[in-house]
Each structure stands twice: as structure tokens, then as C-alpha cells.
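Both complexes shown next keep chain A, but they swap its partner, so chain B is in the first and chain C is in the second.
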Partner chain A sequence: MTTTRRDIFKFAGGSALGALLTPAPWRLITDTALWSENWPGIPRPARGEIRAKFTHCSLCPAGCAVRARCVGEQPVSLAGVRGGLCPFGVTGHQLPYHPARLRQGPVSEAMAAVADAIAKCGPGERVAVLDLRPGRTASWTARRAMAVLKNGWYIAPVQSPVAVDLTKARTVLSLSAPLLERWGTPANVFAVRDGFRLIQADPVESRTAALADLWLPIRPGSEEALALGLAGQLTSAETAAMTGLSEHQIESVGQTIGFGRLSLVIDRAMSPAVVALNVKLGGWGRTIVPRAEAPVPPEWKKAAPVTDLATVPDRSIRVLLIDESAPGEYLPWDAIEKKLAAGNPLVVVFAWSANGYGRYAKYVLPTPVYPEATDDIPPAIDSPAPCFRIAAPLLAAPAGVVTPSEFIASLAGLPPADALRERARAIHQGGRGTLVTYADAKSVPVKEVKPDDFWKALNAGGCWVGQALPPANFRAPVGQALPPANPSQGLVVLATPPAPSPASPLFTKLYQESDLLLAPNCIALHPQDAARCGVSAGNRATLETPNGKWSVRILTDSSVRPGVVLAARPEMASASGKVVRV
Partner chain B sequence: MRGKIIFLAGLAAALGAGWAGFPYAIYTSRPQPVDFSHKVHADKAGAKCEDCHAFRDDGTFAGIPTLDKCAGCHAAAMGTTAAEENFIDQYVTPQREPPWASYARQPENVFFSHAAHVKLGNVKCESCHGALGASDKLPRYRQDRISGYSRLGMSMTDCIACHRQQARADSCLDCHK
Partner chain C sequence: MNAQKKYGMSIDVDRCTGCGSCMVACAVENNIPPAHAGANDRNGLTWIRVYKVDNGEDYPGKRSAFIPVLCQQCGEHTPCASVCPQQAVDVDPRTGIVGQMPERCLGCRYCMAACPYHARYFNWWDPRWPAGMEKTLNPDVAPRMRGVVEKCNFCHGRWHAAKQKAAAAGKSEIEPGDYVPACVEACPTGAIRFGDLNDPSNDLRHPDSFRLLKKLGTDPKIYYRSKRDWVRNVAQASRPVSSQKEASHG
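This part shows the complex of A and B:
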């Protein structure tokens, strides 16, 4: 008997039918599904002991206290200790896994290049450190290093010399300051919000304006005019003409914040004009106080002074080291670039992402990122007393990163030392203030704490709070002249949140919302402004601001306030802009 | 007629392989590292389940006890059996954790709380783990070659059946957080 091909097919057919009547194929489907759950790349929940760790968020100068829920050594959720955290703070533990995170960089090569460039500096050429968040212990290290170099400069954004005490204020007049959004420490601001009446003078109905007790829709750029009017340097009629408010509104606000009524006037950076107005209103030593800093070791006082970028001569910086590891106030690159020496200046950026100043640098060196970085956070603008808070790391930093202060210190030949610990020792030796620990919610005078325990408590998320100076010791800037009224006659360019990255249309919510956001190459303005500038919807135009020029497409929207331009790119934001049709 | 016979032969071969051969071929089998008797520990030592399979202070379940727990009683040999001698020599003396194979290991995407079931729901250990606590010998660990899970483990079907029987919540997010 021979086996034919037909027999084989019949046997296979019978086998196939029989297999379907067994558990094998169905079991294989289940097993394959379970097997696919263990493929590489599929996230796995951390396992281990569940603990709470305390630290401070260093993502912004507010430095909110954070309670981290950790499984093993892995933080899995963050929450505020005294009040809430902002959305960035709540998700901060994801930052080390950001796709744009830098993990490796040419550290040795950059060190050699910087040392070589310093040695070749010509007469009048400088080595400078640009620190985006001054006042940190790392900032002091950079200042000390620049003092060692004979041609070193320490450059930082101008900081307000005063802090505000919202707990003492009964009325707060905000001149376009985002008080309820990101100005000051969010939890502290909201904790005392019921204690004061908030008047928001703002060209647009911002979130703060929407939540204020009174919104004054002033003309864009007329904040200083309002301050001058309230200080009595302009008449009500003049102020009304410049701000767009009625004389009655201005007089009413003037009566509300009158002298000695525990009123506080704020703007974004507590400018000298606003400080002078507060002094005039009797707020000195009450609602505004000098900004205090935590003590430093006496030998640090020989550090280089803080230099304002505007005072640096053009074409004078041969080597520029930019510490972008702690986010702070960014300075426009145009303003920095014109200070660089002609002919191949060396720019080194310390950052966790190459998307900032790294775009203009020869070397971008990766740094630890929150919550890997060990850093301290200077007192926020709403902190009347000095304080010392450490952002204790919750995660170990990857091997390839570099700490900017250590790099700069080694460049200047400073002996290696734990600067944070030295400063903590100096604070402890001062014997003033209290140590606040969040784990047990206790506040203990520093005198009663041993030095080692003090250091351990700070690293476990504790906070040292000093004592504010008594009012008699204040040197008030009385007599400081308010600047002349010069509200912007151009268009105020406001940056809206950027459009999200392109997402699948399946994410319909994101997709639809993205249509509501401006594209990076578009600006929106009121039809009247568009007509005044000679452009209409769909036109190509050039947006000109002190920060630069951009080719943009025009959108007109009657909901945009006259005098305002909405743009998606943050670098376009400016107090004065111009739209020119191409 | 011959064609039908061949077809039926194929059918019978597949049925035989699928029902008799496949359930064995799909698993690998290995013994547990220690010849452990729950029965001996329960009868002679008077131990209860929770004496070794304890809850931590924070309420989480510790699972299989670590060597420290075993060595609390077995610092030295407590008998002359070969299993006892092997346990002391291989694990207690060199301070090496026995590589126990867990019958009840669940996928990473399953959230199961012993505390909720045992303390709040008063579910008996045997309801899920069978008569393992009264057995004299640990069964061989049979691991699915494809999925990697134990043959004796609890499946989602078992969980759902019990939840429905007890009129408890059985939606996806109750277990898959």
C-alpha cells in the first residue's frame, strides 16, 4: 500500500480538526498573551519597602517642601507638605526619564578646552559664569572661583533686593504679577489668600486676574504709569489717559491702598519703582522687607561680586560658562551673544537638556536633574525671613553627569569640599533660627540641635528658618526716584503655552485641544491692531521685538485684547513689539 | 473508505497529542530547593500559616519567609533526616537564601492585597492555595514554557469566579490598577 499525497492531506485535515477540539491552540493563545506581558521595555512597578522621604522641589525658586512616596529607592509619587504642589512639581520624579535628557558629555575635553582658553585670554578679555539662579551655595562656589581667576566675572539676572510679607498685607495691588500662578511659593500664597483683598491690574484676564477680587484691565505696558499715578507723580487724568482706566477707578484704588493701610504693591520682579511706592505707602518693614540670605562662612565673603549682564562691556567675554542646571530667569541669547569676544569665544553650558542655551554652546555638559541633584534653594520672594533648604536627592544620578559648581571650582583650583555642609556648619554656628522637620512636624531652636543632627535633618528634607531683622535696622530706599512714565507705545507680545508634540489623531482630546493652541509660527492679534499694522488673517509678516525677528503667519481674533500679540514661542515675549507685513 | 480511515487517524492523533501529550509538554518541572513539609511544621511545631507567612508592620504581605525566619528555629539541625541535613548544609550554614519557586506569582500588572482578602474579607488561605498548608511534601514546580507562570497559580478566571460568588466587585480596575 502506497501513501499518496491525497492521504497526507486527509491526515493533516483530520489532525487540524482534532487539534481544534483540544485545549492546545486556546492555551497557546493565552500563554502567548501572558508571555507578551514580559517583553523587554514594558514598565514594571517597583517592588520593595514603602517609605516616605522628604525633600524640596528645586524646579523653580519657590522650593516647595515635598513628601515623596518611595518603593525601595524609587520615588513613585510626590505631594506637597504644606499645601499642594504645582503640576510640574507633582510629576517632577519623571524628569530623569525625559527623552531629551542628556546623560553623557565630553567633560574631559571641555575641561581641557576651557583651561586652554583661559590661558590664552587676551588683555581685557574675561572668563565669566552666568548663573540663572543666584543665591545658591553653588552660586557662592562659582563666585569664589571667579574671584580666584584674575579676569573672572560672575553674572546673574538682577534679583529684587526686597521680599514681601503677604501675611501682613490687607490689600495687594498686583501690577501684572502672576501672584496666584507662579509668583512666590504657591502653597504659602494660597494659605494666606483669604487674608488680603487682591486687585489685579493686568492687560489680559490672566488666571490671577480671574481669581482676583477686582480686575483692572489696564493698557498693555502701562503698569508703571499706574504706579506713578498712585504715587502722586501723575494726576488722575494723566494716569487715566495712559492706563485706559477711569479717573474714578484710579482714585478708588488710591484710597484703598492709602498710606498706613497695610497695603502691598507688587510687580513681576519688584522693580525699584514699585519698591519706592511701597515705601511711600508705609509698607517698609511691614509688608516689604530686605531680602535676607542664609549665612555663609566668613571666608566666602571674598567672592566675586554679582554683575549685571547689562553692565558687561560688549565683546569682552572669551570664556562663558552657563549654569543652566537650576532653572531660573533666562536672559535673551541676543543680549548674551553681543558680550562674547569676537573670534571663536568658548561657551560651555551645564544643563540636563541641550534645548536651552545648549543650542549656542560648543560644549553641553550633562548635569543631575531634580530629584537627582543635591542643591539648596534660596529664599523665595515671599519669604521675609532667611531660610536654608536642601533639595536632597531621591534618586542616584547617572555616572556620566557633572556638577557645575565642582567643575568650576576645579577650574579655579579651589580645594574640593562639601560647600553645602560648610554652609550648614556656618548656620549652625550662628545659633539663630529654628530647624523645621517635616517628618515629625517639629520646630526646634538650632541651639538645641547638634551639628551632625542638624546636617542629617537638612538632608532628610528639613528646613532652617532664620529671624527677620527688626525694622529699625532696615536701610529703606527712601527718596529713590520713580522712573519717568513711559508706557510702551508698541504691541505687547505675550507667550501662550506651546502646542503639544504631534500626537496620534486617536488621542482625540489632545488632537482637538491642539487646534485651540497657536502653532509656533503663528501670532494672533486683534483685528483693529491687524488693520493698524497693515496685515490681515493669513498674511506673512515679521514680528520684531528687542529679542529678535521672526517670520510669522497672522491670525486675527477679536478675543485678543487690543495692544496685545499672542505668540506660542516664549522667546517672542516682549513688552514692546512690532508687526511688519512682508 | 480508506480516505475516511486516514482522516480519522489524523483526528485521533491530534486529539491524543492535544489532550494527553500537550498538557505535559507545555511545562518544565523542577523540585523545590528544600524538601519542606507544611504538615510537619503544623503538627509537630504547632505553627500556623501566619507564623511564617506574616504581614509586615505596614500591612503588606511578606510572602515566602526569608532564611532569617527559618534559621530562628533551624540554627542547628533539628533532626537527622536527609532533608534537614541538606537544608542546614546548603542554606543555613552558608547563609544562602533558598531559591524557592513561587506557585502563586502573579503578573506585574496585577494588584493583589493579602491584607484586604485575609484581614478584611476573612478569606482562608486554602481558598486560593488549596491544601498546600497541610501537605507533607511540596509539589514539583511546573512552569509553563511560554508564559513562565506556575501550573498551580491562581488564574484570573479563579479570581473572577470567587468575586462573583461572593458578590464582590470584579471590574478590570479592581485588580489591574
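This part shows the complex of A and C:
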């Protein structure tokens, strides 16, 4: 039998027709994406052993306990140990790869310049450290360093002397404090949220106001007046005139939070007027207690005192070192600048991105960022008991970054000792409190733990919890109420609750691919105000305040109080602002 | 033979602060990239999206609420599955989860048109992460290519991991605590809860709860709760409306 060319064609044709009766070609057509899904442009996730590590988030003072899921040594997701995490905490492991992250800086050049400037300080001129998150062990190192320098100053935002105990409160009156957003520790707040009635006095319908049991829409800047009115230092009529509430509303709130009713009044920073009101309501020792700090070695007590920026004489600081490595309270640059000496002051900023005070500094030195940085987190404002928890690094910091406390310590000639370990040793020697470990969910008295094991446990995400200070040993603070602010002229610019900045690039999900958050370059105002300013939604405009000018995009929102502009950036906040269409 | 599950969620709108943890946790878990420069609220990728809704009044009478909307995992006449020409959508009878197979997806977007909840998203751009950030990708989930449709699958990678863990322990059933979607785990207020709707021990299907667009009869497995009547009314609208964006887009 011979094979002809015709037979070959018949076989090929028959095979092609027969193949159509099999699933193979149809499957190949159906799974079209199989051909292109793994092209080089698509990143491939790393493979490796999956393990869990524990640490604490240092992105805000809450210091939530975190369980990190790691592939090898690389964290790929973060979750809360005692509940959920805020969006900043959930995406914290992405910060080391943020496009705005600084990796290199003129460290040795800055060191020489600072040493030279210190040597040339004139009489009355100072070297100062501005610490945006005081109370850390790194803060103690800076204070000790400033104590060594004869003209050293340690400046920090004023911290409230009290902590609150939400578990004891039956009614909480919040004066514009973002209690349900970024005030206190989320796990603590939401664990007891059903146990208290929440009254939110707020100029805008904030997220906390939206979920409060009662929202009192007060005038911006009148929080202190309401506190004074409820304390009886202003009459109901005066309070009503200043807050914009009715006398009936004020009296009704006053009755609700009356003396001995386990009421708690809070504002953003527990100001003296609010503390005084709580004391007057009988909350001392119950809903508010002295703020406690973890013990420090006795020799640290010689450190420089904490100085409030407002008390620093103008034009007195020759060298200013700003530690912005741990996100903290925002202080307006204008308030800082007027403290700098006239003529070529030296400003050095330690930060992981140049978006903050780095814009005004001569040197911006890159620092490790969470979760590379080793730091501790002081007790949050809703923590009645002292605690010591370490943000143990999950990743190694890149070469070229500098730790602010080491830089500052070297200026003063302090030995590069491990301050965190020294403090842990002091806590252990005290023998009080318990060690809580999350990996095995155990709580052990410190005196039953060996010193080395104690240190290892802290570095593995453990937490030392002490005992709350007995309030009987302390005198209740006396509030020195400030006179209420004058009603503002023009538009009042209010900022949303402060947040770590810059946030993970995934936050574009929240303000670009949805409108859940206000974008950093956007402001929101009431449609009436927008019409009055000649702008409408989507327009570009300039926001002008005494602090500066910003190019912004307009959003209109009828939940914003008329006369108020809502902005996402704290530096935009001002008592008077103007919106001008571009 | 394993008992059939019917996984579902309960979302307490009165506890949602609209913080966005669920949205970013979902993106982290499922390897969803940051927004492309040209992305906006209509073409972005947000498997779970929190809408801000309000009662329609002006300040100070205005009241707002936040409603997380994700794939509602329709149990009856699943609209997306019924229109897909590629069989890229299926309902897993073991779990009740509506799955999406990007390998099969042709990118025709019929499913997006059919979904009454606007909970499906088209991949308009190649997935891109800032340099180095691809190290943080979840190894259990493959990034999807441009040109396919994506949606919530109740973190199917976690379900597989829980199955493997159960199998390794010699169990046929997974422990309830071993399978929790990322949004549930991330929610700081505890507003989102997850479980087997067939399990009578949980109260996900509370008598006071409601479902989005219940009138369509698609039997969604996401149950919402709110004590506020106006929130319940808004939930029956064809699409939650955000005041800011409504104004922005005229």
C-alpha cells in the first residue's frame, strides 16, 4: 500500500475535524487568559515558609498589638491581636517601599554642621530637640543628651497629665475628640462602646458624630466655652451665645453628665478646662486618673525637663533638631520658626519622608520607618495603667538611615548604650506588673520571669503592664481655663483627625477610587459657601490662610457646617481662611 | 461527606465608622494594586467599597452612615453567573461562594452589567506596585492581568488554607475561626462578622437585618443591620449615593 499526497491531506483534514469533537480546542479557547496571565509584567509573589511574628504598631500613640504574617522574613500582611486595625496599621508593612521614602541623606555632613553650630552658639542661644512624640525611651535619650549640653533644651507638645478609663464611664461627652476614629486605642474603645452613651459636640458631622447617640452641632472653636458653661463658669445664656446651641440643650447635657454619674468629658488633648470639668463632676480617680509612665533607670532622672514650645523665648534657638521619625502631634511651622535665632539657624529634621518639616530644614536625615524602626510606644491616653511595649522591627532597615536618638546622643557624648534594654532591666528590677505575651496568650507576673527572658519576650511582641497609680497619692489637677476664642471671621478651616503621613499608596483606594476619605489635595465645604466663593464641585481653587496658600480641589458636602472648610492636612487648619477660584 | 456550608456576612451599619480598614485589608490580601494615575471611583478596583450615604437633609439635620458593599454572593439566579459566556463565574455548592476565574474571563463585562450591586470591577490596567512593594504580595493569591473582571470571593485563598490546615490535622471540617476573610479580621469596630449561615448557633441572619435590593430575589448572603429607618430605605435604592461624588460629577 502506498501513501499518496491525497491520503496525507485526507488524514490532516480528518484530524482537524475530529479534534473539534474533542474538548481540547474549546478548553484552550475558554481559558484564553492562560496565554497571557503570566507575562513578565505581572509580578509574582515570593514563596517561602509562612510564619507569624508579633510586634506593636508605632504609627500612632495607640500602639496596637500586631500579628504579622511573614513569608520568610518579609511581612506580607498585618492583623490586630486584640481586634482589628486602622487602615494605617493594616498597610504599615508597605511603608518601607513608599515612593516618598528617603533612603540616603548627608548624615556625616549634618553631624559636622551641628557640632560646629553648637560650638559657635552665642550667649542666650540654644540647642533644642523638638520631639513630636514624647514619652518614648528615645525621648528620654534626647532629654539626657540635652541635659549634658549646657544650652540644651528638650521641647515637646504638652501632654495631658491624666488618662481616661472608659470602662468606668456611663456617659461620655466628647468635645470634638475623634473618639471612634483615632483617639485612644481602638480595641479598648470598641470593647466598651456599648457600655456608655456618647454625646458628641462637634462643628461638623464627623465619623464619631455620625455614630454618636447624640450630636450637638456647635460652633467651631467653642468647645472650651461649652466646657466652661457645663462647669458653671459661664451662664447658660452666655454658653448658648458662644456655642450656637440652645440653652435647653446645654442644660439637658448638664443634667445628663451631672455630678457623680460616672460621666467623662474628653477633648482632643484633655485640656485643662476639660480636666477641671471632670474633677468637678467627681470623675477624679474613677473616669480620669493620673497618667502613668513605665519606670526608667534612676540615673535618667537627671534628664532635661520637658519644655513647652510656647514658653520658649522667640529668636532663641540656634540649632533645632526635629525628631519626626515617630508620627506625633502637628505643631504649626510658624510657631516653630519664630523661636529660631535670627540669621542662619540650623534646622535638622529626622524623618522617613521629606513631606513634613523637612521642607523647612537644611538637612533632612532619613530614618528607619515602621516596621523597620525599633521604638517603644508610651501608654495611650485611654490606658490607666503604665505599660511598656516595643515596636520590634519586622524588617532590617536599609543602610544609610540614621536613628535620631543615636545621632543626638553622640552629639552629647553619651555612650551608644541600648536604652531600651536598660529600661527593660529597670522595669524588671522593679518586680511589679505582668508580662503579656500574644504568641501564647499568657500573662505572667514579672517576678516569675528571668531578665533575659523578659527582654526576649518584649522583643517578640510582648507587653509589660503595670498597676494604675492610686489617685489618692496625687492632687487633682486644677484646670486653668483659657478664655473662649472669639468667633471667627471668614471661613474656619478644620482638619480631619491627624494621621500618619504619608500613608501607604493603597490609600488611593480610599480617596481616589472612592470618596471615603478626603484626599490631601481636597477641601470640602457647604454648597452655600461654595457658591459664595464662586466655586463648585470639582473646581481647582486656592485655599488661603495665615499659614500659607494651597492649591486644592473643591468638594461640596452639605454635612459640613456653613462657614467651615474641612481639610485633610493639619497645616491647613486655621481660624480664618479664604477660598479663591483659580 | 462534608456538610454543605453557606458562608455569609453580617454588617452592622450602626457600628461602621467608614475608616476604610476593610478596603485596604482586602487590597493587601488579594494583591490588588494601588490606584493607577487614571483611575477614579468608576473604574477603580475595590472589591469591597464603603459608600457614605445620608438622609438627604441639609446641615444640621443631615445624618450620614457608611455602608460597605461587596459581592453579595447571590444564592438564587446569580445574575453574573447566568450571563457569563465563558463559564468564568460559578457558585461553589460546598460553600455557596460565587467564584470568579480570571483565567477564563474574556473581559466582555456582561457580568458587570448584570450585577445589580455594582460589586464587580474590570481590570483596566496592568497591576503595578511601587518599586519593592511587590515583595509584600500575598503568596496565596495570584495577581490578575489587565482585561479581566474581578470581585470579592470571601478571600478564597484563606478558605483553601483553612482546608489544608484541617486536612493536615485529619479533620474533614474547617474550624470556624480558621476561615475569616481579611475585611472581617481588619474591622476595628467589629461591624463585620462572618460565618456559616446554616449554623443556627450564630445570629448572622438576625430578624432585624435586611439585605440590599431584596426585591430582586437574588438571595444575597450579606445581611445588614441598622436601627435607623432611613438607612434601611437607602439600602433598597438601586445604588448607594454619595453626596460628595454626586456633587463632583454634577
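Basically, the second predicted complex is superposed on the first by the 444 of 582 C-alpha atoms of A that agree within 3 Å, B and C clash if a C-alpha of one lies under 4 Å from a C-alpha of the other, contacts with A are read in each partner's own complex, and residues count from 1 in each chain.
Methods note: a residue touches a chain if its C-beta (ideal position, glycine included) is under 8 Å from a C-beta of that chain, and two chains touch if they have at least 3 such contacts.
Note that the structure is a prediction, hence the values are computed from the model and not measured.
**Student:** So, A:6: does it touch chain B (first), chain C (second), both, or neither?
**Tutor:** First partner only.
**Student:** Would you check which partner chain A:45 touches, where first means chain B only, second means chain C only, and both and neither mean what they say?
**Tutor:** both
**Student:** Touch test for A:15: chain B only (first), chain C only (second), both, or neither?
**Tutor:** A:15 contacts chain B only, not chain C.
**Student:** Have a look and say if chain B or chain C is in touch with more residues of chain A.
**Tutor:** C
**Student:** Looking at A:144 after the superposition, I want to know if it touches chain B, chain C, both of them or none. Which is it: first, second, both, neither?
**Tutor:** Neither chain B nor chain C is touched by A:144.
**Student:** Does the superposition put A:84 against chain B (first), chain C (second), both, or neither?
**Tutor:** second
**Student:** Across the two complexes, what residues of chain A are contacted by chain B and by chain C?
**Tutor:** Touching chain B and chain C on chain A: residues 30-32, 34, 37, 42, 44-45, 50.
**Student:** Going by the contact rule at the top, pick out the chain C residues touching chain A in the complex.
**Tutor:** Listed in rising order, the residues of chain C that touch chain A are 14-15, 17-21, 23-25, 27-29, 31-32, 34-35, 39-41, 44-46, 49-52, 54, 58-60, 62-66, 86-87, 102-106, 126-127, 129-145, 147-148, 182, 185-190, 242-245, 247-250.
**Student:** Of all residues in chain B, which touch chain A in the complex?
**Tutor:** Of all residues in chain B, those touching chain A are 2-3, 6-15, 17-19, 22-23, 26, 58, 60, 107-109, 144, 146-149.
**Student:** Within the complex, which stretch of chain A touches chain C?
**Tutor:** Checking each residue of chain A against chain C gives 30-34, 36-37, 39, 41-48, 50, 71, 74-77, 79-80, 83-87, 90-91, 93-94, 96-99, 180-181, 186-187, 190, 193, 205, 207-208, 210-211, 217, 504-510, 512-517, 524, 526-527, 537-538, 555-562.
**Student:** So in the complex, the part of chain A that touches chain B is made up of which residues?
**Tutor:** Result: residues 6-7, 10-19, 21-24, 27-28, 30-32, 34-35, 37-38, 42, 44-45, 50 of chain A touch chain B.
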